[in-house]
Each structure stands twice: as C-alpha cells, then as structure tokens.
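Dropping the structures in below, format is structure tokens.
Look for subunit A in each of the two complexes below; its partner is subunit B in the first and subunit C in the second.
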Partner chain A sequence: MNSKVADRIATTIFYLIAATIVTVLVGLLGYIIFHGFSKLNLDFLTSPSSSFRAGGGIGNQLFNSFYILFLTMVFTVPLGLGGGIYMAEYARPGRLTNAIRTCIEVLASLPSIVIGMFGLLMFVNLTGWGYSILGGALALTVFNLPVMVRVCEDALRTVARDQKEASLALGITHWHTIKTVLLPAAFPSILTGAILASGRVFGEAAALLFTAGLTTPTLDFYNWNPFDSTSPLNIFRPAETLAVHIWAVNTQGLIPDVREVADGSSAVLIISVLIFNLLARWIGSVVHKKITASK
Partner chain B sequence: MKTVMEPKQTNTRIAEQPRSENTEMKQAALDVKHLNIYYGENHAVKDVSFSIGKNAVTALIGPSGCGKSTFLRSINRMNDLIPGARSTGEIQYDDVNLIGDDINVVALRKEIGMVFQKPNPFPKSIYNNIVHALKFNGIRSKKKLDGIVEESLRKAALWDEVKDRLHESALSLSGGQQQRLCIARTLAMKPNILLLDEPASALDPISNAKIEDLIMELKKEYTIVIVTHNMHQASRISDKTAFFLNGVLVEFDKTDKIFTNPSKKDTEDYITGRFG
Partner chain C sequence: MDNKTMTMAASQRLLKKSNKSALQKEKRGKYLVLASALLIISATIAITIFLGSKGLQAFISNGVSIYEFLTSTKWNPTAENPLYGAVPFILGSFAVTILSALIAAPLGIGGAIFMTEIAPSWGKKILQPVIELLVGIPSVVYGFIGLSVLVPFLRDTVGGQGFSLLAGMIVLSIMILPTVTSIATDAMSSLPKGLRESSYAIGATRWQTIWRVLIPAAMPTLLTAIVLGMARAFGEALAVQMVIGNVRSLPSAITDPSATLTTIITLNMGHTTFGSVENNVLWSLALILLVMSFIFILLIRYLSSRRQF
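After this line comes the complex of A and B, so read on.
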C-alpha cells in the first residue's frame, strides 16, 4: 500500500467519524424537535402544569430553570474566577498545588447524582431549609464550580506572556496587571466558558431531584415580594425545573398526556441548550473582535 | 513575592537598605559584582563583574544562550517570574543591591524600564497604552496625562506619525511603530535606566535604523543597556561592549577596542563570525 492510498483511507475514516457525530446529533435533535414541535406554543410555555388533567403547561418549570441557573451563576462565577486566578497566577508549582488540582479534577468527575445526595444532606437536611431553590442552586454550584475554575484558569493562561511582562516591566503590581491586562484579554474565553457551563446546568436533573425537589407551589406571578411563599422569587420554596419535570412526568406522571408534555418539554430544553451554545459562540466572537480588532 | 504585591508606593524608594551619604557624582549607573544566576540546576550567568556607565550605551553581545538576556532581565528582576530562578552576588544601583530580597520590584521597575524583543503593545488605543501605567500611579488629571503622552511620543520619535490617531488601536501600527510606542510607554515612567532586549531584531531594516537613531538620541538622557545579536548595531550605537560566552563575561571594553583589537581569542572569533 503506497502512501497515497493510506492517506486516502485515513481521510475517509476521519470523514466517517465526523459524519457519525453529525448524524447522531442531527438525528437526536430532529427526533425530539419533530415530536415536540406541536407543543411549542405560547400557551404551553406559559401555563402552569397540571397534576391530573390533560393540557398542562411548563410555565413554572421554565421559570424555575432560569431562576436556578441565574442563582447558580451568581455563586459560581465569582468563586470560579477567584479559583482560576489563584491557580493560574499565584499557585506555585508544588505538592499543595497538585493536591488542589487533583481535588478540582475529582470534583469535576463526580456523578451529579452523588452531588445531589450531598446536597440533600448539606443544603436540605443540615440547614433545615427543606427542598428549596437556594439548595438546588448551591448543589449546582458544587457541580459547576470545578468547570468554571478550569475555564478561568485556562483562559488566563492562554493570554500571551509578553502582555503580562509588558505590564509588570512598567512597574505595575501583579494584582493590577491581572485586573487590567490579563482579565480583559481572557474575558471572551471566560464568557464563552460560562455560557457553555450554563447550558450544562440548565439541563441538569439528577443533582436537583433531592435539593430543589419535584414540586412547585402555586405561584402568583404578580407577587414580586421575594419573602412571600407564593412569590416566584422566593428562594426558600421548592422548585421543579424543566429537566426534572421531564423525568417526573415520565416516571410518576398521572396526567393522560404524559407523552405530549414530555416531548414538548424535551424540545424546549434542547432548544434552550442549543441557544446557549450558539450564544456562546456568537458573543465570544463579537467580544473577541471588539477587544482585538482595530475597528 | 511579598514586595511584588505591595500597594502603591508614595515615593520611589526601592529598598529598605540604608543609603550611604555619599553624594558625589558616580560614573557607574550599575556596578555588577560576582553575579551568579541559576535556573534550577542550570548555571546561566557565572561570576560576572563589571560596571555600566551613566548616560552611555552598553551593548551585550554573544551567541544564543550565552546568558546576556538572563543578565539583562536580572537587572529589573523580571527573572522573578521564572520559577526556580535565583541569583547571588550584587548589582549595585545607587548603593542599593538590586539582588536583595528586600527590593520593592514594583518601584524598581519604574526606575529601570525594559523594552522587549517582540513589540508588545496592549490591545488598547495608542493613548491608553501610555497612560495605563500612569493612571496606576495615581495621575488622573487629563491635562497632565495629555502632556506626558505627547512628551513621551515625541521622545520616542513617534508623535508626528500618530498625533492624529491617538485613540486608534495600537495594533493598527506597524511593527516598528509598535516598538517605538513600547519605548514611549516606558519613557513615560521617567526611568533612569532603559533595558533593551534585542529591540530591533523583529523589525525590518528601515524600522531598525529608526530605533537606532532613537537610541543615539536617548542616551543623552538615559543610561541604556542593550542586548543585540547584530554586531553592526552594537558597533554603531554602543560606547562599551560586553561579550558573553556560556554564561561567562569574556571581555568588556570600549566598543572600538572590542571590534578592532579584542584582547581575547574568543571575542575575535565571535565578532569575525567564526562561530555564533
């Protein structure tokens, strides 16, 4: 076999692998969206779910998903940024740093159901909050934090070393250099990483089963007092998210239109995650252009 | 590490060491005594001693890996960034040993500025490249900042080329202009000594010539130490030349002497192009 033939065979194999990935993705997306498409209307997206009768929506679940995601990112971004800055700029090579790195990697590879059980012990039982949005958001923070630390660390490390040297050589302190030179340059990658992590958090179910719960109280969307028990903003109320809802109606749903609701919810979930991914790419490239390009 | 993290300095004292009362004008800007620099196990600079004169250009030449850049980077402590780098000996600057642990490197780097081989402007506007460090040092007045920007750009012979587009990105400048901007940015800090690490080697011949003219102009006010691979450049612009080989300072003398009548065989072999 000469090298030309070998090259052609190898190229074909790589094309096939790429085609497999695309086929699986397109097939999955197509199947879910095709089945859920009929449900994608304003009524389904905004009305509350029903326990027995057909025709319930996912309004509360959708709100819960975004609210928990928002809280999770409020906790994760500052912690992840701090951890990333420490790992990239201050940690000296040595045993302690290696130990921290191992911890981050182990935490990142923990199954989310284990994080859910940990959340049950910590944020539900120990704190006495019961199932709550806050508990769910904290469990997801544990789930998301190692990824965020990694994203921030990598983003800071890929900033060209000469930029850092330029700033330090002008007699600027390390911290000020991080703030004014490294972080702005790393911002597009950090933002992209955060949005991608959001997609992961948005679709997470296992960690929320035992922390945010499987129910949502009746919500009054005109009540914006966060301390009131019927307010959607109350962080101490239980909250079933969209991903949890899909699991719940499939395993213990009593409604006659389980299939339609599950299909519709799956389509909404997957489209949301898709939007997160596309948004990450788009915002990343826009910000990158804005920061580096001359005009 | 501790000193790197110190907050803003209110004065430019760079060390807690007592300064002697000796106020007579000294000819040496930097007095290097028995300097050794190690990267882990690698002994990069070996027992180097010589004096760098004030308001003169001192060129450091030698083949790649001979320790000249390492030496240059030890003067403003940029080697602190490299894990495992350590040094012994003395670099006396105004009766302060720059190698000491008590040096405030932030204040030191304001007095001893550095320009790197590859132009490294910040991805900001030309104006902001210069005021970046000034603002950090608490200069807020727009008028004052404008004044310093113009003054440093003029000194770096860049003002006429950029005065109408100060707020455009520095990355829109040519390589040679970027390098002069980096020099201007360093001059804005009003340093006493300029360290230039092969500042023209990444540039085309015309930009190179402009940088050389600029260095000749700047040496009236500043002490300049320049690392260069270009022998012609060293002979054109420097007053004194130090030849390094394998971490050892082989010969240090007036540039004329080094290039016409070197006293060491290795120096002669190097400048006549027999190796390196």
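After this line comes the complex of A and C, so read on.
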C-alpha cells in the first residue's frame, strides 16, 4: 500500500476516535440531563424519600451527601496539607520518603470497595459505632487523602524557588517561610485541587455502602442539636448519600418510580460534579488574580 | 504579633541564637507535618494487616480449603454442604478487566495521539475538557446509564438478557478511557521534539512517524496507562454490579451474565452475619483484590523503570 494512502487512512481513523470520545461524553451528559432535568423541582429536592410508594424525593440524601463531604474535607484538608508540606519541604531522599511515596501510591490505587471494607472493619465494627456518618467520612478520608497529599505537594513545588530562598535569606525559619510565603502562594492551586477532589468524594458510593449504610432515619430538620438521634447533624446516625441512593433504588428498591427517582438523582449528581469542576477553575483563577500581581 | 515585632528594638528583632520560640515553632511544625505523613504509612499498614488477617480467617479458623477456593468453580456458601470455589469471580474480574482494556487502550491512545500529533492546536482544546468531565462522572451514574440504556439495547440487538459480560466490558471501557487517555497524552507530549523532526526529515509520513517512532519510544508509559486503567477496572464495583447480571456460574459466551470479585462482595456483604463463614470468604475475596492492586503497582513500577523519555 502506498504510504501516503496509509497516512490518510490513519489520520481518518484518529479523527474517528476523537469523534467517538466526544460523542460518548455528549451522549452521556445529554442523556442524563435531558432525562433528569424535567424531574428536578423543589419538592423532589427537599422531600424525604419513600421506601414503598411513588413520589419520594431526595432531600435527606442530598443533605447527607453534603454533610459527609463537609466532614471528609474537614479531616482531609489538614492531613493532606501536612503530608504535602512534609513531602515537598522536609522529606529527604531516603527510605522513609520512599516508604511514604509507596504508601501514597498504594492508597491511591486501592479499589474504593476495599477501602469501604476496611472502614467496615475499623470504623463500624471495631469502634462499635455501627453504620454512621462519621465512619463514612473517615473511610472517605482514607480514600481522598492520597489525592490531597499529591495536590498539596505539587502546589508547593510549583511555587517559585526565588520566593522561598528570599525568605530564608532574611533569616526567617523554614516553618515560618512555609506558613507565610509558600502556603499563600500555593493557595489557589490547593483550593482548585480540593474542589476537584470534592467532586470525586461527592460521587463516591462503593466506600460508603458498608460504612455510612443504606438507610437514613427520619430526620427532623428543626432539631439542630447534634447529639439528638433525629437531628440531621448527628454524626453517629446512618446516612444514605445521593450516589448510594441511585445504586440502592436500582438494585434493591421497592418503589414503583425507580426510573424517575434515579433519573432525577443522577442529574443532580452530574450537575453538582459539573458545578464543582467549573467552580474549581473559576475560584482558582479569581484567587490567583487577587493574591498575585499577574493579570 | 506584627505590632509587637515592630515595637521591639532592632536587637531583639534580629534572629539570634537565643531565639528559642522561633526554633521551637520550627520543630513543632516539622513534627506536625511528619505526623500527617506517618499517618499515611500507618493507614496503609493498617489496611494491609486488617484485611490480610480477616481475609485469611476463612482458611485458618473456618477450615475452608485454599485449594478449593482458588480452583473450584462451584460457589454456594449457603448450601448444606457449602461450596467455596471463587474461580467464576476471579475469572470474571480478569475477563471484564482485559476485555475493557482491549477497547479502552486503542481508543485512549488514539485520542492521545489525536491531541498531540494530529490536531495539537484545537484537538487538545476540545478533548482535554471532555476527558476531564468523563473522569468526573460518578461510577453509579455509569452503572445507571448502563442499566437503563445499554442493557435493554443489548437485549434487543444481541439477544439474551442484556445483563452480560459484554455490558460490563462496555461500561468499564468508558470508565477507564479517561485514565488511559490522560496518561497516554502525557507520554506522547513528553517525547523529545527531535524524534518527530528527524523522522519527518528522512521523509516519513505522519503515520509512519507515529507507528514506527513515537509509539515504540513511548511504549513503557503507554503500557503504564493501560495497566492503571486495568487496575481501575479490576476494582470497580457498583457500575459493574448493575449491568453484569450477577450469576454464580462461569459464562460460556461474552453475552452471558457473569460476576466479578467486587460484585459478589457488594451484593452479599450487607446481608451476611459478620464473623460467619459465608461472610469470612467474602473477606478472602477482598484480600484477592488487595493483592491484585499490589501486583498492579509492582507492574507499574517495573514499567516506569523502563521509561526512556
């Protein structure tokens, strides 16, 4: 075959591949948003779900998702920041650093169901909490920690060397330099990374099945005492998140309007993830403009 | 604190040997971040030990035979004579992983080449965000679309129930496509420019350059991309569980329903009693998942040690 003909055929194939990938995404998003959008109304988003009858909403699930996400980030951000600072600033080449790197790699590649099972062993059975929001949030912390450490480490490493050296040359201690020079400069990328990681946590289900459970008790949204069992803020109650809800209604659900509920929930999940993505880019660039001199 | 520093005399502000509080803070800070780094190690060790000991319990204290577990194809833990053959799930996991990699690898690497070689200017602007959005779609949503679109479609066109190895393979290949594409793109764009230019200079066409020069040069990293995708496919639970059909027997064709390690765990973990034999064998299945993810990491380490560029 003529090599020019072969070249043209190959080019066409590459175009087709690219078109396929774009079509897949457009098809997926289009399908979810087209089917789900009509189901989205305030009532669906705020009313509690029903286990047998049609017409249930996703109010509790939505609240649970955001609450677990919030708790997870409360645990992950400081730990990830600490790990990232250590890896970027203090770690010297050697066995300990290698070991930490290997562990980050292992944790990052563990299947989320395995992390969920570890959570079941550790935060459900060993602690005696049963299925709880706290257990779910801790399992998701294990799931999210390696991502957060990498984000923080990369963000700190990309800060210009001059800035750090200038600070050290003034006689400022290393720790103070990190706190006052490096962290502010790395803040926009850390924030962007944290929001992107939030999107991942928000959609995670496998790690929550056996840690936060598949049920939500009746919640009284006027009761904000975190120690009361009907309070939404109680961290020791079981909590089904939105992503888990989609799985549960499809595989074990008894409600007749499975499709409607799943369509609507998937649309909410996808739209939330899209918002997280856009927010990450937008906030990142806004904060970057605010705290640096660059235009 | 700023005000205080300013009102201090110059001699006090200078960093001297006696500046104890700054040095103490330095130490405290260092130990604080070291502690968070060590927490990562302890979490990894805890996961390995906990899952390892729990996974071996079925063999050690319940007397399940390891040989039967790894070689028998009969799984029925609730029967009068319980059978614990995990082969259908192990094979199912490997089958969907390899099959989905067979689809995702050419598509992903093709997409990467499109972005870096064919249309570097506008192709990247379109495909990059597409890939990032695909990563962001939660796995249950993939499973739900698979369940509500793909399964009925397969039922009508290919026949059978629709719930099949084929459905699992298609859903997984879309899920791992972004992983493969983004790493393959990094691999292609990190190749030195000289490679392309010298190939074009001796009169090779673009396809010849890609096929004979660039792909072989980037091979170790391209393989890393595929292995990482396979690792993700192997551990994926819910999306596969929703479309694969979940039977306990070996599939005889690609259109037959099947099961994987993750799907059987997902289905049965919730309603078996903690500590029972039935439950313990599920932990043994999880141990296989853990061991496999270690093997994937070793494979990736080996591949990255062979990187040339």
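Assume the second predicted complex is superposed on the first by the 271 of 295 C-alpha atoms of A that agree within 3 Å, B and C clash if a C-alpha of one lies under 4 Å from a C-alpha of the other, contacts with A are read in each partner's own complex, and residues count from 1 in each chain.
We adopt the following convention: a residue touches a chain if its C-beta (ideal position, glycine included) is under 8 Å from a C-beta of that chain, and two chains touch if they have at least 3 such contacts.
Because the structure is a prediction, the values reported are computed rather than measured.
**Student:** A:Leu79 contacts which: subunit B (first), subunit C (second), both, neither?
**Tutor:** second
**Student:** With the two structures laid over each other on chain A, which partner does A:Ala185 touch: subunit B (first), subunit C (second), both, or neither?
**Tutor:** first
**Student:** Quick one: classify A:Trp175 as touching subunit B (first), subunit C (second), both or neither.
**Tutor:** both
**Student:** Is A:Arg92 touching the first partner subunit B, the second partner subunit C, both, or neither of them?
**Tutor:** A:Arg92: touches subunit B, not subunit C.
**Student:** Subunit B or subunit C: which reaches more residues on subunit A?
**Tutor:** Looking at subunit A, the partner in contact with more of its residues is C.
**Student:** Looking at the overlay, does A:Thr218 come into contact with subunit B only (first), subunit C only (second), both, or neither?
**Tutor:** It touches nothing on subunit B or subunit C.
**Student:** Quick check for you: in the superposed arrangement, does A:Ser167 touch first (subunit B), second (subunit C), both or neither?
**Tutor:** It touches subunit B, and subunit C stays clear.
**Student:** Figure out whether A:Leu269 sits in contact with subunit B (first) or subunit C (second), or with both, or with neither.
**Tutor:** In the superposition, A:Leu269 contacts subunit C only.
**Student:** Which partner does A:Ser51 reach: the first (subunit B), the second (subunit C), both, or neither?
**Tutor:** In the superposed model, A:Ser51 contacts neither subunit B nor subunit C.
**Student:** So which bits of subunit A does subunit B touch that subunit C touches too?
**Tutor:** 171-176
**Student:** Given the complex with subunit A, which residues does subunit B contribute to the contact?
**Tutor:** Per the touch definition, subunit B meets subunit A at residues 4-8, 76, 78, 81, 83, 106-111, 113-114, 116, 118, 120-123, 132-133, 136-137, 168-169, 171-172, 182, 185-186, 189.
**Student:** Which stretch or stretches of subunit C touch subunit A in the complex?
**Tutor:** Contacts found on subunit C: 14-15, 22-23, 25-26, 28-30, 32-41, 43-47, 50-51, 54, 106-107, 110-111, 113-115, 117-119, 123, 126-127, 130-134, 136-145, 147-149, 174, 177, 181, 205-208, 210-211, 228, 231, 234-238, 241-242, 262, 265-266, 269-270, 274, 283, 286, 289-290, 293-294, 296-297.
**Student:** Please give the residue numbers of subunit A that touch subunit C in the complex, ascending.
**Tutor:** Where subunit A meets subunit C, its residues are 3-4, 6-7, 9-11, 13-15, 17-18, 20-22, 24-25, 28-29, 31-32, 78-83, 85-87, 89-91, 99-100, 102-107, 109-115, 117-118, 120-122, 125, 142, 145-146, 149, 171-176, 178-179, 199-200, 202-206, 209-210, 214, 243-244, 246-247, 250-251, 259, 262, 266, 269-270, 273-274, 276-277.
**Student:** Please output the residues of subunit A touching subunit B within their complex, sorted ascending.
**Tutor:** It comes out as residues 92-93, 160, 162-176, 180-181, 185, 291-295.
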